[in-house]
Every structure is written in structure tokens, then in C-alpha cells.
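Listed next: structures, encoded as C-alpha cells.
The two complexes that follow have chain A in common; it is paired with chain B in the first and with chain C in the second.
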Partner chain A sequence: MGQYLVRRLLISIPTLLVISLVVFAILELSPADPVGNLPLTIPPEVREQIREAMGVNDPFLVKFAKWLRQFMVNEPLNIFEEITGLNFAPPLSLAQEDLISTGEEGYGELASSLSADIQSTGRSVILDGQAQELFRSDRQFFLEDSSNSPLFLNEFANGTVGRELSNDNIDVPEGELLPLHKSRLRYLSWQTRSPIIDLVIERTPQTLWVVGLSYLAAIFVAVPIGVIQAYRQYSNFDRFSTVFATVGFSVPTFFIGLLFIYFFSVQLGWFPSIYDTTHVVTDLDSFLFQMRQSIMPVTVLALFYMALLSRHTRSSMLENLKLDYVRTARSKGIAERRVVGHHALRNSLIPVVTLIALGIPGVFQGAIITEQIFRVNGLGQLLIIAIQGGDLPTVQTLTFIFAVLNVFFNIVADVLYAVLDPRIRYT
Partner chain B sequence: MKPLFRTSRSLTRPEESGEFSASPRTLSGDAWRQFRKHKLAMGSMGVLLLVVLLVLAGPLVWHTDPEYIDIIAAYSGMTAEHPFGTDNLGRDTLARTIWGGRVSLAIGLTAMVIAMSVGTVVGCVAGYFRRLDGLLMRITDMFLSLPTLPLLLVITLLFREPLRKAFGPEVGIFVLIVVVIGMLGWMPTARLVRGEVLTIKEREFVSAALSIGSDDRVILRSHILPNVLSPVIVAASFSMAGAIITESALSFLGLGFPPDFPTWGRLLFDGKDYLTLTPALVFWPGLMISLTVLCINFIGDGLRDALDPQLRK
Partner chain C sequence: MFGKRTNVVALLLLLCTGVLAPVSAQMDDEVSILYWQAASILNPYLSGGTKDLHASSIILEPLARYDENGGLVPTLVDEIPTLDNGGISEDLTSITWTLSEGLLWSDGTPVTSADVVFTWEYCVHPDAGCNALSNFADVENVEAMDDLTVTVTFSVSKPFPYGPFVSQVSPIIQAAQFADCVGANAPNCTDQNFGPTGTGPYMVEEFRANDVITYVPNPNYREEGKPYFQRVIFKGGGDAESAARAVLETGEADYAWNLQIAPAVLNSMEAAGNGTVVVAYGTGVERLMMNQTNPDPDLGEDRSIYMGGDNAHPFLTHDAVWQALSMAIDRNVIAGQLYGAAGRASCNVLAAPAIYASMANDGCLTQDIAGANALLDEAGILDSDGDGVRELDGVPLRILYQTSTNAVRQSTQALIKQWWAEIGVETELRNIDAAVFFGGDPASPDTYGKFYADIEMYTNGFSGTDPESYMGNWVCGEVSGPDNNWLGNNIPRWCNMDYEALVEQMSQTAAIEDRASLAMQMNDMLVTSGIMIPLVHRGDVSAIANSLDGVRMNAWDSELWNIADWTRMG
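After this line comes the complex of A and B, so read on.
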């Protein structure tokens, strides 16, 4: 088993690499200009220098390697530190020539004068008056650039400056220490100027809440329905549920969502049509409100998977009920309840459990649409906002996260299958 | 000598009538006979034909221009003049639904054809040529672990402009959406076809064809392909339903066709902000999507039962 797990994990590495390449290449081949939203006052030759400094003109493979390092090493570490509160970033050690080599005039000059004035002492950077003056006078300019150029930052100050500056607390008195608790490169959003990982962490709970609740609801409704359907094959209940299931995954979620809003919010006024994202659960009342506002998004998202899972439970159960061991159990005089609920169900659930694992990335993707209908500020909404605003780094990160979810739950499904079904032996 | 089995009525009937007038039973005839027993699938076929008729022949009967703006009649409910109501600019929803249906159905059909062609070719080649099998299946797995919807959104965002320049605003987006949906949807078919080809190529008729010196192309085209066709047909119906939903979802997120170009999803997207004023704006296009997809899915179910010889009674 352990050997299988290791092998399975090893196989997923090339998959992940190719997916990264695809995600990276799509954005790399796109005609978007990374310095496109800099102020128009910047002369073209400076613009060209900025591109040069950002590494826009680097060979494709160099850029991809840097990107990989960022996504496979830096960002996971950032997430880990963010969640645990630990900090094991290496102390800042910047070679002076790295900093100065970025250019001659214009932006390069700014960068080099600034870097010359930045002395790193452990986790802190001292800014003298000149550097702060530069920050203040050219703040917009500097911020724009630093957040527009993740790869440039890597060469510039390992991301530290960009991180601190985006926090709006740069008005430090002259000569004082600017505390830096991150000395690792962070991928910044073009829209909000903040690290994308922070945005992701901020929005994950809402998505998890909606996705988790609806998936649980779908499982707990679909499995019993599927079992009863199979047990009473061709009964009215079976017929009705089969048709209902087909309706469930034929009617698009956005249409069901709008119908729900129209009937339950507009006409009946039972549930709020817009998810209140600022709502905080403190007591029973606020918890009830949280449930009330979650009902519609959760139901809409759950319906599709309910239909899918009940179908599969039914067919898997039907297959098992025909098998000899069920007949044997019955002939031994075991109560029908136990035969169905214990003997047949447990075997029928093996493929269903795998399917449940495989479906999880799909629910996250389904949440993109559901969150858009009910204005839930989750990951899906972040993706849509980023796409509408042309915020390529955020789009790239989120697409990559969705891809990682896919790969991860593929592994989970395979391993679950191997664990649950003793007939399957992987060597 | 008496034949061992003489159960079929079709054998005796022509003898009684004195001539062999009954046409021979064919595979497709059998499938059709089986399909007709599936009441839901037959009903769906009827409804789908109605939808297609409405969409294709609708403009001949309903002359209203879908782009005609009549501000005075804006937010009209369902009246004789505007059976499906009007939108915020007073454009007629019935006319827009008809034209939108053309686009949605065309996209579903084209994306399905692309997905099925790629899937069948990849599946046949992978199943038949052992040397290419590993590589092609790895590629298929890779595509399967791509996140469909996010990628779709990203690609339409990034390549909208260049394609618009190359083909014009509408055709450009059409090509983009169709190709992307097709290229992200061929994998299940490829796996299915590969599995079928793997078993079929061990059968006697393939060995026979090989022994008389047929080359691989002939064997693939005239011996293997016809035999994998039935699962492909079933997959095609589900693929088309999926493509229609995907395109609508894309338009619903505001990332599909340009605003003045109605598709069913786009109509939903435009109508959702006026839900309290005129729910008809959302209701009719949504109903059309749902009906079409539902019917195609039911037809797919019926086809699966009809084309699977093991299920045939």
C-alpha cells in the first residue's frame, strides 16, 4: 500500500508539471502587456527598461523555472506561515550587485539608488531619509512597479519591499527600522496590490462553507435515495427519482439559482437573495441567519451532485443486489435490513466513495457560478473579478489552485479505491 | 434438416404471404425499434424537434427584429405584441430567444463534433497502435486533470481580442468557444473508444482482415470504426448537452459573446438584473436551455439502451 502511494504520488509530479506549463504558457502567450497599466507619463524607453528588469524578455524556460519556484516552493511556504503564524524565512542576505544591476537610468536609477540605501539587517531593512523621500515622492510609481513585477522583485529585494509597501504603513520616521516579517517573494495581485495568497486565505472559508455544506447535503440525500431506488427498482419512487435526477443535472445551476431567487426571495421573501458577506456568527440568532442565507446557494450547488450521486448509488447497488453473496446472506436468514444496509450497501459504496472524492474539485468549480449568482465572496468570485479586471497573476494562481485540487483528489480517489476494495491489489 | 432455432416470427411471415417482402432486420432498425419503446426518449425527441423547428423556422413566422429598440415598450410583460415580454431597451424577448437558440444549438453541435472527432481519433489510434498507447493515454489523463471551467474562462479572456481581429467579433468568439469547449471535452470519449478498440481488434474479423493483407487504415476505417460508433453516438448526445450548458455558463458569467449578440446564456445574464421587474426575461431563455439539455440527455439515455445489444430484449 505504502509503495503504491509513493508510486502514485510520483506519477502526479509530471502531471502537475505539465499542468503548470499549460497554465503558465496560456498566460505567457497571451497578448497582455505586464507594464500596460503603468502611468502613461513613463517614457517608452523607461518602460522598456522596466520590462527588462522584470524579466519580461527572459527566455521562456527561465521564466517558467522562476514561476515554478514561486508556485511550488515560495507560495506554499507563505500559506503555511500564514496559517501557523510561524516564520522560518531565511534572513535577508542581498548581494549588493544583484540590486544595482537592474538598470542605468530612469527606473533603474530609482531602483539602484534605493537598493543602495537599503541595508538589510536580519529581518529588517533600514531606510534612510533619501530612500523614504523616494518612496513618498514616487510612491505611486514604485508601488505600481513592484506589484507589477513579481519576478523583478525576486531580484530586487526578495519581495520584502513590495510586501511592506503594500501595507500602507510606510510612513516610518527617518532612520527607523522598517519591520519585515516576510523576506520571501510574494505574488501580488494587480488589482488590489496585496499578496494573492492573502486574498485566497481570506476568501477560502466562505467557499469551503458553501462547498462543504452542499456536498454533505448532496451525499446525505443522494445515497439513501439511490439505495431505495435500487431496492425498489421500477417502482414509482424509482421512476420519479430517475427522471428527477436527469432534470437535476440538465437544468443549469444558474437558471435554478435565478428561479430560487425569484420565488423564495422576491415572491415569498423567505431567504435573502444576496449573501451578506460581512455577517459574523456570534450567537444563536446570528447562526440561524447564517443558515438562512446559506440555504439557497447550498441547495443550488447540491442539486447537481445529488442527481449525479443518486444515479451512481442506484446502479452500483443494483449490481450488488444481484450477486451471490446477497442471496447467501438472505438464505442464512439474516434480516433484510441488515442484508441491504450492511452487506450490499457497504460494497456498493466503494465506487460511490471514489466518485465523491473525484467530484470535490468539480464542486469547487461549480461554486464559481453559484457564488456569482448569490454574491458570495469566495474563491470563485475572486476568479471572476480577476478575470474581469484582467488581473493575470490572480487568475493564474486560482487556475493553478483548481488544477492542484484536481490532481490531489484524483490521487485521493485512487488511494481510497485501493484501501476500500480488498480485491484490488496494486503492486 | 430442420434449423435448430426457429423462433423469430419474421422467418415465418414472408412464407405465409408467399413472398419475401419484409425488409431484412438491420442493426439500426433494431436500435430504432428499441428506442421507440423508451417513452421519455421519444417524447424528448418530439420536444427537441419542436425547439429546433422554433429556432430555425421561427424568424419566418415571427418577424420582429431582435435588435429593434423600442424604449416605450421596455419591461413589457407577456402581451400579445410581445409574448415573452421585452427587456430594458424594449427589445422583443421572443425574437431574441429564437436567434439566441440558433447560436446555442450551433455551438453545442459544433463543439460536440470537435470533441467526438478528436476523442474518436485519439481513442482509435491509442487502442490500435500499441506504441502510441502509453503516450496518448498520458496526454488524455493530463487533459482530464485540467480544471475545465477556470481554464475556459482564462482562455476566452486572453484570446478574445486576437480572434476578434482575425475573424470579426461574432465569428471569432464562436470559433474560440467552440474549439475550447471541444478541446476540453474529448477525453472521456477517447478513453471509451480506446477500451472498445482494444477488445475489437482481438476479434476474428480483424484477424481475417489482417490475413488478407488489409492495411491498418482500412482495418481502422471499415472494421473497427463502425463497431465503436454506438458508444460514440451515446457519448455525443451527452457531450452536446454539456457543451450547451458550458456555453450558457460562460455567457452567464458575462464572458461569452458580445452584449448585442443574444445567446440563451447571455439573455439570462442580461435579464438577471431585472428579475423583479420582468421575470419573463430570465424565464424563457432559461426554460429553453433546460428543455433542450433535458431532452438531449433523455435521448442519450434512450440511445444507450437502444444501442447496447446486451440490454436489448
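After this line comes the complex of A and C, so read on.
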């Protein structure tokens, strides 16, 4: 089992690499233009400059390599360092003569020809025989001397490093130095010009709360319904639930969502149609508000998942109820409740549990349309906006995160299968 | 057992009453604004569109802005510099602004001319990718004369020097805050771009990109007692229809922006009585662009290329043809049924401000299919082979008509196709995703700049109130083609020396009446040469809750330009 797990995890690495390359290649071919949505009053030459500044025109492989480095190395390291407080950046090796004194209270200036050396991320430098701390932000270096006055060095677009005039008269207090975890190049969205990972982290709670809650609700409702349906096959309850499930499964969520808004927001005024993502639960009242604003999106989504899960529970249960071990249990005189609830149910749940595990990535993807309707601005809505705005870095990153989740929960489902069903052994 | 169940039921009931209590009306001290396109960034110089400009206009202010009539209002200055008060030099090459005394940033530091100079340096930095660059066109230098005075010098004479530092597009940013964000560093300054320090009535409390912005009052705002709300919530996401519903039907929001939805739907929502729909007409005119060059795919590389006028369109350049096409269109039907409050029929490509709007072409407002048929018959453009399509010199009048994907545009296409069929013109319709159509990818055959079609339709206009640069779009040097990567502004590929002379003359004219008369002449020339067929003058549509007072809907600047004056009634 352990060996199997290791093998599966190892195989998933090339799988993910191929997925990321394919995603990248497809998006590269997409004709969407990030400045296409700007007002037409902005002239083409300005648009071209904006594209240039975003790095839209970089060659495909350069973009892919940048992304790999930033996403696979920089971002995990940033997160790890932030959690542990450790620092992995190697020290910068610069000789004293690399710094040309400007005569300005002993501060030095890096000669532009040395730009290549400074590219290797680092944070300590020897200046005037003393070790100095050199902080690096995205394109900026902060050099601190013993009196804690920072020196700014900018990395210009042409790759040279030097001092920019506009920094000359700016006093930056010590506390303004960038924290170390920001000291690596981050992957920026074209739309918001901010690190995509931060956007994802900001969006995840909403999606988990609304979509996750609906998933949980669906599981807790669907399984009992499925069991009763199977136990009383062809009863009125079974027929009614089947119709209900078919409706829930086949009527699109956006339609049910609109119906809900029409009845419960417009006509009755019970629930808000706009989800407030900034709402913080502090007491009973705010909790009730949170429930009230979540009810509609959660119900709409739960209906969909419920339909799916109850059908599977029902068919799996029906299969098991006919089997010999159930008859044996009954003939031994075990109470009916225990026969169904203990013996038959446990065996019937095996395929359902794997189904649930496989559905979890879907929770993260957020029900894209439902999020849009109720303005639950979660991961799904982030993806939609990025697609509409031609924000390829965000689309790439989100698609890739979803791919990782899919691969991971596939493994989880396989493992769960073995755990639940002792007949299955992986070698 | 029984008792336990009763308890559970009671608890559930209790929860229900709490949950089902009616949605509370908006708090008195809070105003909620809905933009169905969420704001992505609060730095207008790096923004991706109008929504970002509006969101940042609450915080950042220009030296002067436009009011709802298109007039300049001093904002960070006491008076608008003019020729008369000596603020503009006699040779029209410099303008001097004087900041009001005692202005403070929201962090309490004084606003100085250095901030104005820095704003210019920030935007024109070659690595910045600043999208207000055209506002700073021809600016040679921006110089601080003293702490409050700043002079902008132009390399050419500027009869209308209100480009730099005017309107939502070009506000003043704080030098101290953005000092490390110049050039290639601009996009990396996430904290600054998400929370600029400004002089406006409110400042950012929390910014969630592409979701929601919370603003609180700026304690150092220059007008005593303003703003009136304790909080502004700027929520994004969803779609236009549900945004309209939230203001007009459920009353959950106070203001909803850009409600381009079916007129019937909007009217029925307004009937609920919670709010009103307001419209402001800016410069946007939906028009048909008529390709003056031959887009025939058989031409290969040469399709839709101007080639010094040697590649003329086989029939669109014929006067009778474009006149008939224009006559066959009922603009009032398009405006009334498809745009509703958001549009009115127009015969001009320069339809606003009012002083620039020509009256000479208003005859086009009446549809005349019989007249169009007669015109074509007279010109000898007849259907000689009986297939229902007329021919000109053996070339059948078959038109490929493209536009961006958008419900209203596709409905317009369908109507026009039907009318043109009635005059013996066959139309093939095509629609392209907006991000591709308006995108500038020179490799894509589907951009509006490539124009691989006979006719294309979109809206164009200009920001601000001065049409000079807009009317300058259709000069020979701007003809879109491979030499400018199909990014030239002259999309119809039209070249006319008389027009060129008028453009030149306007750049030397300062008096507003003379400028207006020149602009009208240019507009008439464009419309009567069959270069463009104007259809609808488009308005911006928003919805306002009845309880919100002080909104002055503005098409010339940010719709939120006077948010400092917004109050709750009663």
C-alpha cells in the first residue's frame, strides 16, 4: 500500500507537468487580448506599451519557464518561509569593489555591468568591509548600512541595476523594508497586477463555505433518501424522489437560481440576492445573517449534488439488498434496522464514498455559474472574470490548481476504496 | 422522547424566525454601489477599464473634472486656467495650474506641485505601460514653479490644453507613496495599486480585487462636513440584469451602473417603484464602418489593404450603394426597440457635446426603402440574373457584416439584414468575441483593425469633451494596415486631402465656436462620403434608489464624480 501510494504520487508529477504544458499551449493560442476590453479611446500605441509592460509579448517558452519557476519554486517557498520564519535565499556574493561609492554618506552604487551577479537572489553583501543586509523585492534591492538607512537600487527593464533619481529624496523608515517572504518574483495577474496566489487565498473561504456547505448538506440528505428509496422500491416515496432527483439533475442551476431570486428576494423579500463577502460572523445576529445570505446559493447547489448522490446510493443499495449476506443476516434474526443500517448500508456506501471524494475538486472550482448569479465572488467567479478579461496568468494558475486537486483526489478515492473494501489490495 | 422532539421543533422555529426576518433596508450611514463588472485595481493608470476608473475616482482626484454638462469644474485648484485669466500662454503652448491652499492627502501630508510633476513622470515612464499616455501627448515638460504652481509645456500649440491632470483618466497620485513604483516596478506595487492615498471624499478600508471595495470617509477631505456616508460599499460581480433588479426591485443596493439590458425588462423593473433609471449621453455612437478597400479573400495578403487607393472596394465606394444602404435602415426602430433608454437614433458620428452636433444630416432618421430601391435602379445597379441580389458591373452586392458578440448587436444585425434584403442586397452576418474583435493581435484575422469584412459595426467616441483627436482618427496617416500592425485608427481606410486640411486647421484654432464649426464640417464630410453610417447615439444607463439624493449622472467623467454630495433622503 505504501509503495503503491509513493508510485502514484511520483506518476502524478509528470502528469501535472504535461497538464500544465497543455494548458499553457492552449491558452497561448487563445486570441483573447488583455487590453481588448479597454475603452476604444485608448490609442493602439498605448495598448502596445501596456502589453509590453505586462509581458504579453514574451515568447511562449520564456513565459512557461517563468511560470514554472514562480509557481513551483517561488510561491511554495514564500508560503513555507512565511509559516516557519526560515529563509532559504542564498547570500549574494558581491565583492567590495563591485560597489562604486557615490560619496553620499558612504552608500554604494552597484555598477550596471554587474547586474548579472545580483540576479542570483540574496540578501547579504559586504560593503566597506562590513556585512550588510541586502533585501530584494521584485525588481528592487534595499541595502541597509549599519545605521539602518536603506539604499534603493532598481533593476531596470534592460537588465541593468542602478539608482533611480526619483528615490533620492525619499526617506523610508526602517519598518518599510519589505518582509523577506516577498523577496521572490511572484506571478502577477494582468488584470489586478497583484500576486495570483493572494487572490486565490482571498477567494477560497467564500467558495469553501458556500459550495462546501452545499456539498455537505447534499451528502447528509441524499444518503438517507437513497437508502429509503431502495428499501421501499417503487413506493410513492421512491417515485416522488426519483422525479425530484431527475428535475434537480436536469434543470440547470442558473435557472433554479433565478427562480429562487424571483420568489425569495423579489416577491417575498426573505433572502438577499447579493452575497456579502466581507461579512464577518461575530455574534448570533451576524451568524443568522450569514445563514440567510447563504441559504439560496447553498440550496441551489445542494439540489444538484443531492440528485446525483441519491441516485447512486439508491442503485448501490438495491444491489446489496438482494445479496445473500443480507438474507443470511435476516434469517439469523438480526433486527431489520441493523440489517439495513449496518450491513447493507456500509457495503453500499463504498462506491458513493469514492464518488464523493472525486467530487471534492468540483467544490473548489466553485459552481461557477451559481457563484456568478448570487455574487458569491469565489474561485469560480475569479476564473470567469479572468477569462473575460483575457487575464491568461490567472486562468493558467487556476486551471492548474484545479488539475492538481483532481489528480490528488483521484489518488484519495483509490486509497479510500482499498480502505473501505478489504477485498481490494494494491501492490 | 416527545419532549425532546418539541424542543427541536421549537429551536428550528426560532432559527427560522431569525433567518426569515425581512431583509433590512440599507443602513442610513452606508451607501451600496453595484458594478456588475468588478473593480480589479484602484490605480487608474494601470486599470483595465471604466469600472476601475470609477472606483478609483472616489479616492483620487484630478486638478479639474467635467460636470454632467461637460463643463470643467475646478477640483484641486481654485480656477480653471484660460487664455483670459492668463493661465494659458498666448502661443497656446503652456498652461499653468495653481493648487488650492491647504490641500491635504488623506494621510495628512500636504498636496504640492511635486505630486503633480511626479504623476506626469510616473505615467510617461517608458516601462510603465500607463494607459492615460494619450492624455500626456505632446507634453514636453511639467515643472513645479513653487509649492502650489505647476506649468505644463507642450511641444506644439494646444488650443485645448486640458488633457493632462483633467478628468478621471488622469488624477494626481501621491509622490511619497508611489516613489518606488516607477516604470517596470509599477505593477509590482500591489499595496499602492490596491490602496492609493488620495484627496477624494473617501479612502479605501478594504480592497478585494474583482470583488468588493469598502471605503470610509477621508478625515482630511477639503470640504467641511462632507462626505455624508460613514461607508461606501462598491460591490462587483453578477450581471447587468440582476444589478438593475437589486436597485429597482429588491432595494438591496442604491446605485447600479451600466445597465445595458432589454428596454422592456428595465421598464418593468422600474415600475416596481423602488428607484429610477437615469441616462447620460456621452460621445459614443454605434456606427457601421464601410470598408473602402477590397476585403476579397482571393486577394490573399492584399485584402483590406489601402495600397495608395489602388485597392478600392468593388461597390461600397459607389455613392448610390452606400446611400441606399443608409436609407434602408430605420434607426428609430433600432434605438427604440433594442436600446430603449440607452440610445437615440443618430445621423452623426460626432453627436455630442451639443455645440458640436451637426443638424445637416437629420434626413437619415426616416427610413425610405422605396427611395433606396429607386436610387439603385436609377444608378443602373439591377438584379440582372434574377437571384434577388443586385449587381454592380457584374459584382453582386453581397456583404459580409461583422461585429462583436453582444445580444443587442446581433439583434441590430438581424434587423439590418432584413432591410437590406428588401433593396436587393444580400448580407452574411458574423459575430466575434469582444476580447478578440477589439484585441490588437496582429496574427488574428478577426480584429476590427484587420477588417476582413465589407462592413463592421461598433461604438466609438472620445473621452473628455474635445473632439480634436477623435476627428483626427480619419486622416491618411492613420489608415490601418501592416505598416502599423493594423493598429491605425482609420479603420475604413479612407484618405481625403480636404478632410486632412480641416484637421490641420482645427489644431491651430482656439476659439470654441470656430472649433465647433470645423468639427461639424468634418462630421458632415464623413457621413456624406459613405465612410460611416451612424446608427445610434448611445447613453450610459444607471439606476438609482429613490432614497439616494445628490446623484448627478455624468457621461463626461466618472459617474461617481460628485459622490461627496450624495446623501440619504429623509
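Following the convention adopted for this analysis, the second predicted complex is superposed on the first by the 282 of 427 C-alpha atoms of A that agree within 3 Å, B and C clash if a C-alpha of one lies under 4 Å from a C-alpha of the other, contacts with A are read in each partner's own complex, and residues count from 1 in each chain.
Please note the rule applied: a residue touches a chain if its C-beta (ideal position, glycine included) is under 8 Å from a C-beta of that chain, and two chains touch if they have at least 3 such contacts.
The model shown is predicted, which means the values in this text are computed figures rather than measured ones.
Report for A:T204: first if it touches chain B alone, second if chain C alone, otherwise both or neither.
neither
Looking at A:L288 after the superposition, I want to know if it touches chain B, chain C, both of them or none. Which is it: first, second, both, neither?
second
Let me test your reading of the model: by the given contact rule, A:F255 touches which partner, first (chain B), second (chain C), both or neither?
first
Using the superposition on chain A described above, determine whether A:Q191 touches chain B (first), chain C (second), both, or neither.
The answer is second: A:Q191 touches chain C but not chain B.
Quick one: is A:G390 in contact with chain B, with chain C, with both, or with neither? Answer first, second, both or neither.
After superposition on chain A, A:G390 lies in contact with both partners, chain B and chain C.
Once the structures are superposed on A, label A:P272 by its partner contacts, choosing first (chain B), second (chain C), both or neither.
second
So in the superposed three-chain picture, is A:A403 touching just chain B, just chain C, both, or none of them (first/second/both/neither)?
Touch status of A:A403: first partner only.
After the superposition on A, what does A:Q381 contact: first (chain B), second (chain C), both or neither?
In the superposition, A:Q381 touches chain C alone.
May I ask you to name which of chain B and chain C touches more residues of chain A?
Higher number of touched chain A residues: C.
Under the stated touch criterion, which partner chain does A:E48 make contact with: chain B (first), chain C (second), both, or neither?
It touches chain C, and chain B stays clear.
Which chain A residues contact chain B in one complex and chain C in the other?
Touching chain B in the first complex and chain C in the second, residues 31-32, 261, 266, 372-373, 388, 390 of chain A appear in both lists.
Residues of chain B touching chain A in their complex?
Listed in rising order, the residues of chain B that touch chain A are 40, 141-142, 145-151, 153-155, 157-159, 161-162, 241, 245, 248-249, 252-255, 265, 268, 272, 275-276, 279, 282-283, 286, 289-290, 293-294, 297-298, 301.
Which part of chain A faces chain B closely enough to touch in the complex?
15, 18-19, 22-23, 26-27, 29-32, 243, 246-247, 249-252, 254-255, 258-259, 261-262, 266, 361, 365, 368-369, 372-373, 383-384, 387-388, 390, 395, 398-399, 402-403, 405-407, 410
Along chain C, where are the residues that touch chain A in the complex?
15, 18-23, 34, 38, 40-41, 43, 46, 48-50, 118, 121, 126-131, 133-134, 176, 179-180, 182-188, 190, 193-194, 206, 208-212, 214, 233, 235-239, 242, 245-246, 249-250, 252-253, 433-441, 444, 446, 449, 458-463, 470, 484-485, 487-489
Which residues of chain A touch chain C in the complex?
The touching residues are 31-54, 137-140, 152, 154-157, 164, 166-167, 170, 188-195, 198-199, 202-203, 261, 265-266, 269-274, 276-278, 284-285, 288, 291-292, 295, 372-375, 377, 381-382, 385, 388-390.
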